[in-house]
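Both complexes below contain subunit A, partnered by subunit B and then by subunit C.
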Partner chain A sequence: MTKRVYINSVGSVSAQKTFENDSFLDEITVHYDTTISVISPNYKDYIPPAAARRMAKGIKMSTVSSKTALDEAGLENVDAIIVGTGLGCIDDSEKFISAIIDNKEQFLTPTRFIQSSHNSVSGQIALGIGCKGYNYSYVHSAASFESCLIDAMMQIQLEEAKNILVGGVDELVAHHVDTHRLIDHIKKTPVESSKLLTSKTAGCVMAEGAHFFVLSEKKQASTYAELIGVRTYNTLSKEQLAQTVTEFLREHELNSDAIDLVVLGYNGDVNFDAYYDLLTQDMFLNTAQAYYKHLSGEYDTASGFGFWLASKVARTNTLPAAARLNQITTATPRTILLYNQYRGEYHSLVLLRQC
Partner chain B sequence: MGKGIAITGMGVISAIGNNVEENYRSLVSNTIGITKISHIDTVHKNDIMVGEVSATNSELEAQLGLSPDSWSRTSLLAVIAAKEAIANAGIEDINAFKTGLISGTTVGGMDKSEQYFYEYFENDKTWHHINGLHAGDSTQKIATELGMEASFTTTISTACSSAANAIMLGARMIKSGRLDRVIVGGADCLSKFTINGFKTLMILSDTYNTPFDDDRKGLNLGESAAYLVLESDAVVAKENKKVLGYVKGYGNANDAFHQTASSDHGDGAVLAMKQALKVAGLSTDAVDYINAHGTATPNNDLSEGRAMVRVFDGKVPEFSSTKAFTGHTLATAGAIEAVYSVLALQNNVIYPNLNFKTPMQEFDLLPQTELKQKELQVVLSNSFGFGGNCTTLLFSKQA
Partner chain C sequence: MTDLKLELKEKIIEQLNLEDVSITEIGDNDPLFGEGLGLDSIDALELIVMLDKDYGIKLADPKEGKKIFESVETMATYITSKKAN
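Now for the complex of A and B:
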């Protein structure tokens, strides 16, 4: 029999105050902008100041978030570390490029180049806890985090690992924002969080964050939920979406009536939110619906926030009011489906179950 | 004992050839691809040697029927190599089976990003490159060009073991039944970003790289793309496919020693090699040839050499690094050397470790320096990267 996969802990640094696991969106920070930075924890509580000074923000956020997850799972080490990131420590990449250009390839130092390597986060975590196990970094835009989940599930099911640290991290950086605003991937006018879906403008509100989880073969007191299935699709037409969701659920011997809560990656981009409408206005019209990117902002691994939200809902039987998309409530959100896509590509379906 | 995953197609473009056949001919005729840099205008042009793909971007674009300045060079190389692999595997309908694509890259579209970094704000003709920076972009371009729909695609970036890890993931996904068929490999073009990055680390040689030589001065950067097609036994049987070789074993471990350097004792490399042998169910004496990572940096060759001595208990089989031919092609190294390993198995040859003169003082390891005919059953290939990332692949003639 295939091993089950449990989400045994969570860790989050995001645009909401999520870095402490004992609260669950009790106070909401309302943003009114086109970009949002994370609400930073006091990094000194987690990282020696001398080390923190040299660290890229992506590494700092990940250090806090991964440490939170490891502590909650009661682990000092794991069998594997798998990190997803759209752009890695892109602040260092951009500063290294501008230094190359501005200084005509002279007087450069290696630190920024080293940190700009896409796997610097997974490497740093391994170095920090002395983990010599499997160490991967997925860099596939909005499917980076889901690629980690697929890999980790496969390892636990094939009994290649017992405990795996998985995570997603991305930084918000000026040059990246400025260039992506040029091509309308980021909104040109600010929008208030609660009005994101009615903005009717192109692009997203871009943000940053780091979300880590321990996935394990054994259930324990700290367990949030069971991870049932994950799939990603490079393309999906609107016509294919409903059928694809149905097939995904059928693979797990479920139909749409079995879903108690659907968590959607709406990001307020008038050109692409229609994908989500297809599900909320039809297959899941009478199902409790949640969304989160008005709280977290959009970034390649923002679906890590969605996964965090769904895990918390499963554990607490509570969906915070700020994340509710419709009026339908469910007392026991037993089976939760997440759907995300970015600009019509990088579609993913994730299925969790209470346990 | 682990059963191998069938390899049914290969494609490669590198400094020593524009396809698999040309690469093989170069390897067996001591034709190296290391030259002064010609496609990138860098202040370091007189201080470094590189392994460049000879074609210009315009020539690659013409080959693919693209208008000028459409894509990053990484994507151009990637699509050319991936198409060769698909043709070689005789695939006509890419969506006929559950097909995936896993690609490794470190630079992605960095060549265009560094070129237009400031110009983006002045010239909207450059804007199509803005979203080409992220590493997944070249992967999606391959998927589109191959006509893949509603498929599993992903991108791995673990520095210089990226493509080796793509191959390992692909083999695992077929073994677990998640995919029937998967295209695995990687692509990286040369860029000022990597040239200057490695320059700051002071590990670039100003002359031809000399793997495992006591006087080695560092690496030559290279560029390439290489892809392999892996297929399940069911697909191979159903389609009556010719099998080129098998991915027999794989292992990934972390050195957890330093951000960029490998440990002197090579712990990560030892773990990766042992894991690969364990997955394959093979003992060390089954390995007939090692295609070493052998970048010719002082650090890598010492660490890797020590690791080989440890794993093989002093009885290291014939080994060589092909980096003297191609340069170090970063993310792609594991894929290009997978292609070379399969060619070695098919032709029963061990490639020479060129430019070797003086044995290293730390151990008495002598790489194979002449082309050698030898009946090969199993080839071991190493790829190691920043972040302590160590990957070993085992390729075999028999399943």
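Now for the complex of A and C:
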């Protein structure tokens, strides 16, 4: 029999105060901007100053988030570390490349270079906890985090690993924001987060965050939910969406009526939110609906925030009012479906079940 | 020489990201490596590049670095002597 996969802990640093696991969006920070940064914990509480001084922001966020997840799972080490990121430590990459240009390819120092690769995060976490096991980074735009979930699920199901630290991280940096403004991928005018979906403007509110989880073969007291299935699709037309979701659910012997809560990656981009509308206005019209990018902002691994939200809902039987998309409630969100896409590409479906 | 030492302290703090250290906390003769500021081998590379980039001094023999980077005082003395030549 195939091994089950449990989400045994969570850790998150985001544009909301999520770095402490004992609360669940009790206080909502309302943002009014076109880009939003994370609410940072006091990094000195988690990272020795000597180590922190060379860490890029993405590594600091990930260190806190992964440490929170490991602590909650009661683990000091894991069999594997798998991290998804769209851009890696892009701030250091940009600074390193700028230094090459500014100094005419002379005087290059090692610190920025060390951290400028996409796999710096998984490497730094491994160094921090002394993990010599499988260490992998997935760089696959908005499906980076889900790619990690697929890998972790297979590793556990094939008994390659018992406990895996899985995460997603992306940081907000000036040059990346500038280029995305130029191509109109970021909103031109600020929007209040609670009014994101009614702004009816193009582009997203760009942000950053780090979300880590321990996936394990065994259920324990800290378990949030069971991870049932993950599927990614690089491209998917609107016409294909409903049938694709139906087939995904059928693979797990479910239909749309069996879904108690659907968690959607609406980001307020008037040109692409129609994908979500197709599900909320038809297949899941009578299902409890949640959204989260008005809380987290958009980035390649923002779906990690959705996964964090869904895990919390599964464990607490509570969907915070700020994340409710419709008026339908469910007392026991037993089966939760997450759907995300970015600009009509990199679609993902993730299925969780209470346990 | 005093100005140079002050400048070196500012550069060390900025380039090595010593966020929690102020200029007044670095004594002229405090060891930079080990017990003092606790710098490591990567910092040593950063300091070598700093000497080259900001003062035009190339370390011909990397072994020299151990003595030159002992403290801000030794760095300033070395830079001053190189400039005098």
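Here, the second predicted complex is superposed on the first by the 355 of 355 C-alpha atoms of A that agree within 3 Å, B and C clash if a C-alpha of one lies under 4 Å from a C-alpha of the other, contacts with A are read in each partner's own complex, and residues count from 1 in each chain.
Here is the rule we go by: a residue touches a chain if its C-beta (ideal position, glycine included) is under 8 Å from a C-beta of that chain, and two chains touch if they have at least 3 such contacts.
Keep in mind the model is a prediction, meaning the values are calculated, not measured.
K.L.:
Go through the superposed model and pick first if A:Leu108 touches only subunit B, second if only subunit C, both, or neither.
P.N.:
In the superposition, A:Leu108 contacts both subunit B and subunit C.
K.L.:
Thinking of the overlay built on chain A, is A:Lys162 touched by subunit B (first), by subunit C (second), by both, or by neither?
P.N.:
In the superposition, A:Lys162 contacts neither subunit B nor subunit C.
K.L.:
Using the touch definition from the top, say if A:Asp151 reaches subunit B (first), subunit C (second), both or neither.
P.N.:
Once the two structures are laid over each other on A, A:Asp151 reaches subunit B alone.
K.L.:
Who does A:Asn234 touch here: subunit B (first), subunit C (second), both, or neither?
P.N.:
first
K.L.:
Taking the superposition as given, does A:His252 touch the first partner, subunit B, the second, subunit C, both, or neither?
P.N.:
It touches nothing on subunit B or subunit C.
K.L.:
Quick one: classify A:Arg324 as touching subunit B (first), subunit C (second), both or neither.
P.N.:
neither
K.L.:
Look at A:Arg334 in the shared chain and tell me whether it touches subunit B only, subunit C only, both, or neither; answer first, second, both or neither.
P.N.:
Neither partner.
K.L.:
Scan A:Arg4 for contacts with subunit B and subunit C and give back first, second, both or neither.
P.N.:
A:Arg4: touches no partner chain.
K.L.:
Which partner reaches more residues of subunit A, subunit B or subunit C?
P.N.:
B
K.L.:
In the superposed arrangement, what residues of subunit A touch both subunit B and subunit C?
P.N.:
Touching subunit B and subunit C on subunit A: residues 106, 108-110, 114.
K.L.:
Hey, which residues of subunit A end up touching subunit B in the complex?
P.N.:
81, 86-88, 93, 96-98, 100-101, 104-106, 108-110, 113-114, 116-120, 122-124, 126-127, 130-141, 143-144, 147, 150-151, 154, 157-158, 175-176, 178-180, 182-183, 185, 231-236, 240, 244, 300, 345-346
K.L.:
So in the complex, which bits of subunit C are touching subunit A?
P.N.:
15-20, 38, 42, 45-46, 49, 52-53
K.L.:
Could you please specify the touching residues of subunit B with respect to subunit A in the complex?
P.N.:
It comes out as residues 42-44, 101, 105-106, 108, 110, 113-114, 117-118, 120-121, 124, 127, 130-131, 133-137, 139-140, 143, 148-159, 165, 169, 172-173, 175-176, 178, 192-193, 196-197, 199-201, 252-260, 267-268, 271, 385-389.
K.L.:
If you look only at subunit A, which of its residues touch subunit C in the complex?
P.N.:
49-50, 52-54, 103, 106-111, 114
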